[in-house]
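Going by the order they are written in, the chains are A, B, C, D and E; count residues from 1 in each one.
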Amino acid sequence: MKKSKFLINGMRKHSLPWLMLAPFLILIVIFFFLPIILIAVNAFTDMDSALQWTFNGIDNFKKMLLDPNMPEILKNTFIYVFFTLAINVLFGLVLGLLTSYFIQKESVGLLFRTIWMLPRISPPVVYVLLWLWFFDPSPYGILNSLRALVDLPPGEWLSSNPKTAIVLANGMIGASFGMIIFSSAIKSIPENLFQAAKVDGASQWSIIQDIIIPAIRWPLMFVTMWQLLSLLTSYEYILLLTGGGPMVESEVLSLYSYHKAFESFEYGYGSAVSLVLVVIALGFSAIIWKVFGMKKMMGTSRVE
Amino acid sequence: MKIELKNICKTFNKQSNTINNLDMTINDGEFVALVGPSGCGKSTTMLMIAGIYKPTSGNLYFDGQLVNDLEPKDRNIGMVFQSYALYPHMTVLDNIAFPLKQQKVPKEERYERAKNAADMVHLGHLLDRKPSQLSGGQQQRVALARAIVKKPKVLLLDEPMSNLDARLKIEMREEISRIQKELGITAIMVTHDQEEAMTTADRVAIMKEGELIQYSSPMELYNRPKNYFVAQFIGNPPMNFLKSQLAVKDGKCQFYINDTTVDLNNHLPKIKSHNSIKDIYAGIRPYDLKLGQKGDITLDGVVSLVEPTGHSKMVNVKVGDDRIRFFADPLQKIERGSKITLTASISSIHLFDCESGENLTAETIGEGQDNKLVINS
Amino acid sequence: MKIELKNICKTFNKQSNTINNLDMTINDGEFVALVGPSGCGKSTTMLMIAGIYKPTSGNLYFDGQLVNDLEPKDRNIGMVFQSYALYPHMTVLDNIAFPLKQQKVPKEERYERAKNAADMVHLGHLLDRKPSQLSGGQQQRVALARAIVKKPKVLLLDEPMSNLDARLKIEMREEISRIQKELGITAIMVTHDQEEAMTTADRVAIMKEGELIQYSSPMELYNRPKNYFVAQFIGNPPMNFLKSQLAVKDGKCQFYINDTTVDLNNHLPKIKSHNSIKDIYAGIRPYDLKLGQKGDITLDGVVSLVEPTGHSKMVNVKVGDDRIRFFADPLQKIERGSKITLTASISSIHLFDCESGENLTAETIGEGQDNKLVINS
Amino acid sequence: QKQSEADAQPADNGVVTISAWSEGAEVTRLTNLEKASEKLNEELKSQGKDIQVKVEPKSFDGGWDQYAKQFMLSAKAGKAPDIYITPHETIGWLADGNYIMPLDELRDSKEYADVFPKLWDAASYNGHIWGALQDNEARPVFYNKNILKDLGWNETEIEELPEKVRRGEFTLDDMTKLAEEVVKQGKAKYGVIHRPVNGADFHYFNYLFGGQLYSEEDNKIVLDKSAVGKQLAYHYELAQKKLLPDKLISMEWKNVHRMVVNGETLFYYGGIWNVFNWGNDNFHDQLGKVDAKWVNENFGMMLVPAAEKGGEPITLSHPFLYTVNAKTKHPDLTKRLLELVADPKLQTEHNLQTFHLPVTERAAEDPEFKTDLTLGNIAYMSEYTTFLPNHEGFTKYSNVFWNSLQAVELGKQTPDQALESMEAQLKVDLGEDLKIVE
Amino acid sequence: MEGIYEPKMEAPKIKTVSKWNARIPYIIAYGTLGITTLPIILMYLWLLMSSFSTQMKHGVIPVEFTLENWRFLWTNVEMVGSVYPSIWTATWNSFVFAGVLTVLEVIIGVMAGYALSRMEFPGRQGIMKMTMMLHAFPSVALLIAVFFILNFMGLFDSLLGVILVKTALQIPMTAWIIKGFFDDVPWDLEWAGLIDGCNRFKVWYTIVIPIIKPGIAAVSIFSFLAGWSEFLLLYTFVLSDDNITLSTYLQKLISDPNLVNYGLLSAVSLFYMIPVLIFFIFTQKSLMQVSAGGGKGV
């Protein structure tokens, strides 16, 4: 073995992580990072349907400040994100625990997980249609038809509580995300830890709290953060379910951005709204990072 | 707590029983050592007592109470797992304090007691480490501290000191003994260290392929092995065996070793027929063999290997087709290939049926060993 | 392969060195045992030799070649990890065959060899099991088979038999020795079983807190411990120590044990000053103590504990403030609380400086032990 | 004719490919182009030109926004089709963004000579014609004949209602009153139903109340406060009088259809294509799918009644245009193709299949069209039709209006409050593109 | 271990109390699951029934059994004068798209996740943070920007472009999830692999990956689902119509809200769900069996 070989070895050692990251980074940089820079630039233009980059300074942001609906949209955004996130993470965790820890019989757990996957795997339009059909305020709404059977007048169900509707509908879908990730993580916990805990007298609650939760801290953080960002930026189901209405009662910031960019083709303005969204999102991410201690979760390599 | 296992069977794959009809009683406050070849079902037995595994059939009683369905957490057990099973996300201190937390011991007291336990296993300086930052022996000590910190009723120790150095092992062993005696804990320990088993346990249970072979006091085990398996298993280095034949003629017994005919004057009640010839193993413990010719029987052999062990030399000798070992004084000069003569007293010889493995030695011979010499002293 | 460690340091937390300036040479084909208290850095040393950890400073040479940066896979090493590290998703057979697969051994030959290795560790009947379905000892044996199957140049064994029963352990130990000698493998084994270390190894390295304390042949280690630490660490049960004082007057030495004054006629070259009084420990191995008064020195004490160990009785005796142990014939009647007198020859006594721990015994005394008695025999 | 010089370099083998995009289920818009290309090919052959035109159609199925967006992007990428079929109101941004070319010469062509003159408005923007009119439609008010019968109206009264509306004798007020009566008497659950989602329909009231939505001279969207005020007041009134189903604006289309088909409402502000919808799915509780005959037996269709007696009734239409890519390689061939596609026969084919109205008089005279049970009866509505503005900002206007409409129907705001917030919002959203008329 | 031990534990009571106590969590568990799951079951049961019946009485009781809504399985459905393409082509295309996406994503994500979890290099944490922040940008907003990039690269109107974009959008998620799973793999396994003659890369795919199968199960279902349901990107960035997928097929059914045949829609959407369901069950079954256990793991 000559010296040069060591050199190559050494180089190879340091380049391996980058090699393994390369496809990931290339994709991200090209299709994610660059576009984001474009968006950031775009936020200072009044690009419209003609797709021209004409800069207009901070006009877009001024306009946002003046928009009389802005306070309500922001309020909606926070309500929607907070409650849906709570359902997504907490209920997702409950589902994960129930289907992969409490229910030891794998087939039963799988059955329930499959059922909970249904909302997520159905085409969004159809899922939303199911909601609409069930809770339609007309006498033909399915729940109303049932009420009619026992001579009750049509109820208004969710139509008078659009925010509840979007939170529940999104929660049902988001919960399965947490459920799948958490149950996978729970399955990866070595069995002997549970055995040790049982022998140590741990109650079910304690096993959850002291064994499972610490073991799935990373997925928990990830799901919380990812879902937070997803919720902040997603609008699809709201668009289909209420379209932000009635009026702006269920309009959230991302939907607003969509409406601006793709309904009225104000791309510049839409980008500006997105940019605001990002700033909000980053603020929250920073908090979550602190709370979960992301730094601690980045272990060091033990092969040197 | 008195623990009774009644006809316990356990099977993993539905084909063969891993544990086969195990019947065993551990008295309240007793310290039992569980020994047996690797894979014989010791850990499985422990896990059943802990309640982790449910017996496939049979019953388990704690103080006369059927506990087959009792949850592990309600059994008040402390256990060292063979694989330690430390909680990777907790620090050493939290690992040790965990059982106390489950008993709702107030935080301060909990950490106080956990620290004491950690000190006991000499880990006081590593309280903030995570298990992955510990050496193997340190991990095992954490497991040990965790098992005893809650002062359980039953202590299950599955090779709790296998990765500790000799000194520490002795120290820990004594500590465990002390606590066990002080608190009246019923303890079961799996160990491969026979000295450990012999010195610590009130009784030793020997298992083989899921069955209990012998369950008695250490001395009895050593002096009166029930059968060939126990004889060859217990004792380090193991007993030497010489293939031989036992002839019974008109109630008189003889057997032949290495050209010597040995008359057994004491009766052999275990042989029914009065005229027969049987293949047997004659067993002699290495420590009972001496250089020279002064004993009841003598063996001539060729030295095949000399291993130093510190306080003495272990010498391997070829006697006929059999290989036997004995200990020689370290200062005696014994060389490979040289011819030597060994001797032993007849009272130190155990006879085993080649087929059934049963110990054929008359009770009196076994007892004689004790009696005769006690009188001598 | 000759392995040289030169001034190796290793630190985990940047504050203190886990391995401190380790200098050690393992010759080609040598079998070295690495012993030391739990947590002293044995596994860390092994992992550095394996190339998993890089030394923080210092150099590692294989056959004179600097290999600090050589990848583990290029070192041709077989290793048993303290934690076994079996591949959980592979069957026993695949686990064992894995190193061969990496060497691109053709499939048929690979499984053939793996099966042979499995048979060697008596796992031939469990080839299709996953590690999680094995007992602790079985797992360890898989690890052992995996380490030797590829016939490596260097074999690193980190407590490879800690979870095996005594019989199996001896068998495995012999098997390893055989293979090692046959193939001329350089082997390093960490073990807590001193008998194992003594009987198998060509040389034994004793570590303490990351430092190499003594590195010599088993007999030398036993007979000439470099210092107090080695003396008390090696030997099972450990050496007895009695606190004492050493007086040097005009080149003549005396020390006092238990009211007896012992004259040291041999010179003590390790003491510089010609007039001084020193606190020392006088060490005597339990096996060197006998009941009676015939030896050079005598000790009077009270029996505090009698433990049966099978072939003999270990007796704890209180002598003054010190507790000492010795072995008595199992048939001798010794009772707790009775007064007894013990004796030992002067040549079996080791003297250690209380402060530095250094062995003060003159070379000649140490050697004398051998010489004198060899002449006697 | 004149296509020769520009189309000098035809593609291989003399085949010129003209691509065309359309959206939605109305594939006749594309098949008609293909059929027209056959004619064009004959024409070229007879002129002795060695050129073959091949139409490459592509039909989209996403939303309109996405359809538009895709056109934008492909235009930027130079992959836009030669012909882009689009609802008329998009020509504002298409023209502004230089995506399409003006087609003023079509107006002079003989194929488009007999277009209903009003329809050209739909294709005009900034003083140019930007597309070839493709079809026209009607959004009539459906009334339930059975309910009226129940109320005591006789057959002729019922059948004459559209005519009375046309003459301005039956006003919006009358309509409301009639609905009120029906609901009060329990003859029907609801008096009036309109679409449950935002759409073009609502803006015909603006025109009905004398308002305007777009000012051509300024090229700005107009907020006509008095007209919008009346418009909001009308919806407010409907809601307050409980003539509308509660929460109509959050209902499902499917259930709206069911309510209408099952006779739960007297009036329904619908579209002519609804006749087709009802034949396509099981909306009727007993009958399931209902055909055009059944619809005509049970429902009448009329214009939106005038605001006051003697006033002009109204409807709104949403013509489709064939627009031409500004960068097309074959402008002349394409234009000629668009002339040929206006053939009455082709129009009729489209109209009958998709329930649309013709754009030319000749097509309106087509016997096949005239005999159609539904279409024949309402062809006249083209004369009363109005359009949405073609200005890009109209989407924003329409969104803001929709919010205000919801507010008044839900009773959350009075018409005045709603108007006020609408004005505020429009000022922000449209900025300089807004003109406020008191 | 000082302190006097007071033996107490009233033996006779142990059994009964604990038996109940032991069951309570399970009763609660099953109860919660049952109650919360019921609405979903009902919803989809309703969907199933409505796809097989001409009409639903009172909205819930199927009236007449029919297979007509499922006719798309054996004929090309004709609606409003236009004939829909074969559902099988669409299914196949969806399958290919989702499959390619899943494979790409799992491979790239697992590679990246490993590097991020278990290798040391500068900027590791920075990359983690950055990729997460990227997700803070609404993907619609990105659409236009991505167009400019694709157009610049000449990948507009190509399937490859869409696959790359989609992978890029999904990959941070995959990498993040997978990282968490890699974190928990005992190091000694990797050490053993290195000593047995693997390099780091080989250790990764022969030893570490099989151990994180549950993680792969989780990400592959999300990747597959993402590919299966992808519509917007395909629709926006691919012009040619040959690549009809099930989601585009479905879009055809609902493109005009007035022209929806709801029975057909129910049937098609159920059909749409079946492959994902199968994929889900398959991955869960094959990948969720964890082989970890045994050993002492460091």
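Assume a residue touches a chain if its C-beta (ideal position, glycine included) is under 8 Å from a C-beta of that chain, and two chains touch if they have at least 3 such contacts.
The structure presented is a predicted model; accordingly, all values stated were derived computationally and were not measured.
S.K.: Quick one: point me to the chain whose Cα centre is farthest from that of chain B.
M.R.: D
S.K.: Which pair wins on C-beta contacts, A-C or A-D?
M.R.: More C-beta contacts join the chains of A-D.
S.K.: Indicate, using Cα centroids, the chain positioned nearest the centre of all protein chains shown.
M.R.: E
S.K.: Using CA atom averages as chain centres, what separation in Å is found between chain A and chain D?
M.R.: 39
S.K.: Could you work out how far the Cα centre of chain C sits from that of chain E, in whole Å?
M.R.: Chain C and chain E have C-alpha centres separated by 55 Å.
S.K.: How far is the middle of chain A from the middle of chain E, if each middle is the mean of its Cα atoms, in Å?
M.R.: Inter-chain centre distance comes to 14 Å.
S.K.: Rounded to the nearest whole Å, what is the centre-to-centre distance of chain B and chain D, using the mean of the C-alpha atoms as each centre?
M.R.: Averaging C-alpha atoms per chain gives centres 94 Å apart.
S.K.: Find every residue in chain D that makes contact with two or more other chains and list them.
M.R.: 66, 69, 76, 197, 254 - these are the residues of chain D that touch more than one other chain.
S.K.: So which bits of chain C are touching at least two other chains?
M.R.: Residue numbers touching two or more other chains: 52, 71, 82-83, 132-134.
S.K.: Which residues does chain A have that touch at least 2 chains other than itself?
M.R.: As it turns out, chain A has residues touching two or more other chains at 13, 51, 129, 133, 140-141, 190-192, 215, 262, 302-303.
S.K.: Going by the contact rule set out above, which residues of chain D touch chain E in the complex?
M.R.: Result: residues 23-28, 58-63, 66, 69-70, 73-74, 76-77, 79, 197, 253-254, 271, 273-274, 276-277, 280-282, 285, 288, 353-354 of chain D touch chain E.
S.K.: Chain C touches which residues of chain E in the complex?
M.R.: 186, 188-189, 191-199, 202, 207, 210-211, 213, 291-298
S.K.: Going by the contact rule at the top, pick out the chain E residues touching chain A in the complex.
M.R.: 25-26, 29-30, 32-33, 36-37, 40-41, 43-44, 46-47, 58-60, 107-109, 111-112, 114-121, 124-125, 127-142, 144-146, 148-149, 153, 164-165, 167-169, 171-173, 175-177, 179-181, 183-184, 187, 190-191, 194, 200-201, 204, 212, 214-215, 217-218, 221-222, 225, 228-229, 247, 250, 254, 262, 265-266, 269, 272-273, 276-277, 280-281, 284-285, 288, 290, 292-293, 297
S.K.: Would you tell me which residues of chain A are touching chain B in their complex?
M.R.: For chain A paired with chain B, touching residues are 190, 192-193, 195-203, 206, 210-211, 214-215, 217.
S.K.: If we count contacts the way the header does, which residues on chain C are in touch with chain B in the complex?
M.R.: 12, 35-39, 41-44, 82-83, 133-138, 140-141, 158-159, 162-170, 192-195, 198-199, 218-219, 222, 232-238, 285-288, 307-312, 314, 331-333, 369-370, 373-374, 376-377
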